[in-house]
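Worksheet: one structure, shown below.
Naming follows writing order (A, B and C), and every chain is counted from residue 1.
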């Protein structure tokens, strides 16, 4: 997936960029509207993350201009306001969704996925590895041609593991990614999801290995 | 907002009174002017006749063989006949000696040098007009002066004056009645302009701060101009404060977002249990503070909009549907299903932003307490009141606190560990009450909480 | 008051001692209470029917009716206005002057046409033309004169028949005679020629119409000039001998008038009497010996002397002196 982040706060932008890269996305960063326009004209993006308050103008005017041109790249607005009227105003101008700062990266990811799923067909990014075909946007997993619909947490767990095959994830780290911070996430719950994923991956060349005391790892038997 | 002003008199009444008072003064002036003029004319008429009569008597005086003869013409008195049969008195003097007529009539105050003069005086208990005329006769040896006093009562005159006064009074009354009608008409027309302006101000919504552009009478131009400039300043200051709030929120929330992002990223990297716990606490604190700020703002906005409720026709199914669609990604993260159930088309009149906000708070709450991989049921029913029911399968409301939960900043005892400022239910209840409805909290028999918003 | 004294001195030297009444009658004398006192110039016989009809309607009323000459009425009434309730006279000028001098009581709500009342105080109740009355015997075989001019010619043609046999009022004594004479003189010069002819024929002068008609009826005089026709017509026994001629050249019609004294002892009753009088005289009446009041336009424009202040003209001392001097010049040719 190729994203464009339009955000003037360099620190925040860096944080978002590093997280997105971690998740396996390609992401460009524009610090102002002028750069953003230039990026949009030269590259093709699957999704634009747009801040509203920018040094050289209002993100909404960019949105308006963007929708006026023939481009239909989905846009998720990052806003500091929490007023309902403002949200609706952004949606009316053609934003596909919005997140309120400060945001949970998991929520941003979920919204991105939802938006991309709505715009399905155009941006398909399936991963083929070890005898499975995995579509993280649609949430499909095909093992030997048999398609399974993954639940959201299963999907996110699989995505996390596939992006770093061979890397060990501790239970806590996985829990932090799967559960929100206000959930009393028990590390035991992770075992349930790991068990489910193992079942889904049966028959493929991928295997989740338990490393006692360390965590889990996705291995490619080849 | 509804501070009552004390009315000091009525502009319309003042206008009417001024106009009527003016008309009354004019009427009185008119009446007395006509009457005075009539008195003068009538008096002049009587004087003319009296003068002519006295002159004709004097003309009949002659000296024959040294003896004065005055052969009073029949017409002298005949011309003094009036419809009211006024009494006639006369006296003839020769060189100051009484000759004939009514001796008591002589009036020494009259200047004898003048040829003729007129005076109103009393004679035999009646008001009479006396004409005096004199003539000098020149005989063979001597010259002698004849003086004639001719008096007439004023019955016919006062009769005429009464008639004229009556007519003048009638005319004046008519004039006054007409003027009164006109002043009522004029003041209603004038006040009508003010009323129209008032109506157009009143009819405006609380957000409508556009200037008035319809033409107004020049006298009201200053008022409307000031009103427009006041509204302009108000509009500008509202806009400024909106911008200020937005700017402030941006300035506060963006660093928070940065901190949170870094915290999350850091959490991915550290392994030590205490460090991880600290990072989690930090993230939770950030979430709590931003959520509290958001809800406070939402609550302020809810209160403001509820005070100035602007109703419009809303398709509730569509409104709640959009909301559910937006919340689905969040629900998905917990693998919670949002089941929306509605019976046909449901419309109501209300503020869509408020209702959406209320329902969002209810669903947020439900999502917060719902266990993973469960379902939150959202039902819209009409029986016959419109009810929006949001039910989860979480722990439910604590039964002993169910009545006070909707009070501001109150959170359930079992909410420990769940982020929330406690304003969600309050906002929902405020919205329900602004629409004449209520918020009902209950627990499902099979477990789970139910919030019913009725409008 | 000087002018009253002057009037008495000038007008009434011959009547200075007249204290007696020509006639004095009481009607309904049995009734207690003060009687309604009427001072009048009309003969009792002519006025009695009116009084009697009033009494028949008001049986508790007594009336004292006092008759004297018109000039005497004026003198007596002025001297003692509270002695009389009603004043009735044929001398319109004297009556009008009494009213003008404020001696009459204004009465409200009495309907009388404007020409028949003055100041709602003086009310006319008859219309009586001045007439030439002749004894037919004197004109046997000769044309009866129809106008003053005819009369002048008749007298000039046969002076021997008419010498000392013509009668008219002594205008110095009779108020009515003076009124007729002044109105005649005002109307036409013919009056003065007539007077000169009468004077040349040794005219007899009378104080009162009664005496004049007596003399006419018994043939002492052949012509009476300016007598009231009503008096002649009242002499039913003389109907065959007397003829009443209303002069065709110019008419002189007098209205008898009545008024309530300002100081009347019994004003309410007096007012009732006036109402009765006017109602009764407003239309022809078989019983009445006095002609009714008739409008000035009736009877071939018989000019009625108007009730107006001008009537006072000839009452002016200077004017009267001058008129009487001329009259004496014409009538008394010694």
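We adopt the following convention: a contact is a pair of C-beta atoms (placed from the backbone, for glycine too) under 8 Å apart; a residue touches a chain by one contact, two chains touch by 3 or more.
The chain lineup, named per UniProt: A = DNA-binding response regulator; B = histidine kinase; C = Periplasmic iron-binding protein.
Here the structure is a predicted model, which means the values were calculated and not measured.
> Taking each chain's centre as the mean of its C-alpha atoms, which one lies nearest the mean of all protein C-alpha atoms here?
Chain closest to the assembly's C-alpha mean: B.
> For the interfaces B-C and A-B, which has the higher count of C-beta pairs in contact?
Contact tally favours A-B.
> How far is the middle of chain A from the middle of chain C, if each middle is the mean of its Cα atoms, in Å?
Those two chain centres are 146 Å apart.
> Using mean CA coordinates as chain centres, what's the chain B-chain C distance in Å?
Inter-chain centre distance comes to 85 Å.
> As a quick test, compute the distance in whole Å between the mean CA positions of chain A and chain B.
62
> Which residues of chain A touch chain B once you look at their complex with the stated criterion?
Per the stated touch rule, the residues are 9, 11-12, 15-16, 18-19, 22, 52-53, 78, 80-86, 88, 97, 100-107, 110-111, 113-114, 151-153, 170, 172-173, 176-177, 180-184, 189.
> Of all residues in chain B, which touch chain A in the complex?
It comes out as residues 246-247, 249-262, 264-265, 267-268, 271, 273, 276, 280, 283-284, 286-287, 290, 293-294, 297-298, 301, 326, 328-330, 332-335, 353, 356-357, 360, 368, 372-373, 417-419.
> Within the complex, which stretch of chain B touches chain C?
Of all residues in chain B, those touching chain C are 68-78, 80-81, 83-89, 92, 98-104, 124-126.
> Considering the complex alone, what residue numbers of chain C touch chain B?
1-3, 100-102, 114, 117-120, 186, 306, 308-313, 316-319, 322
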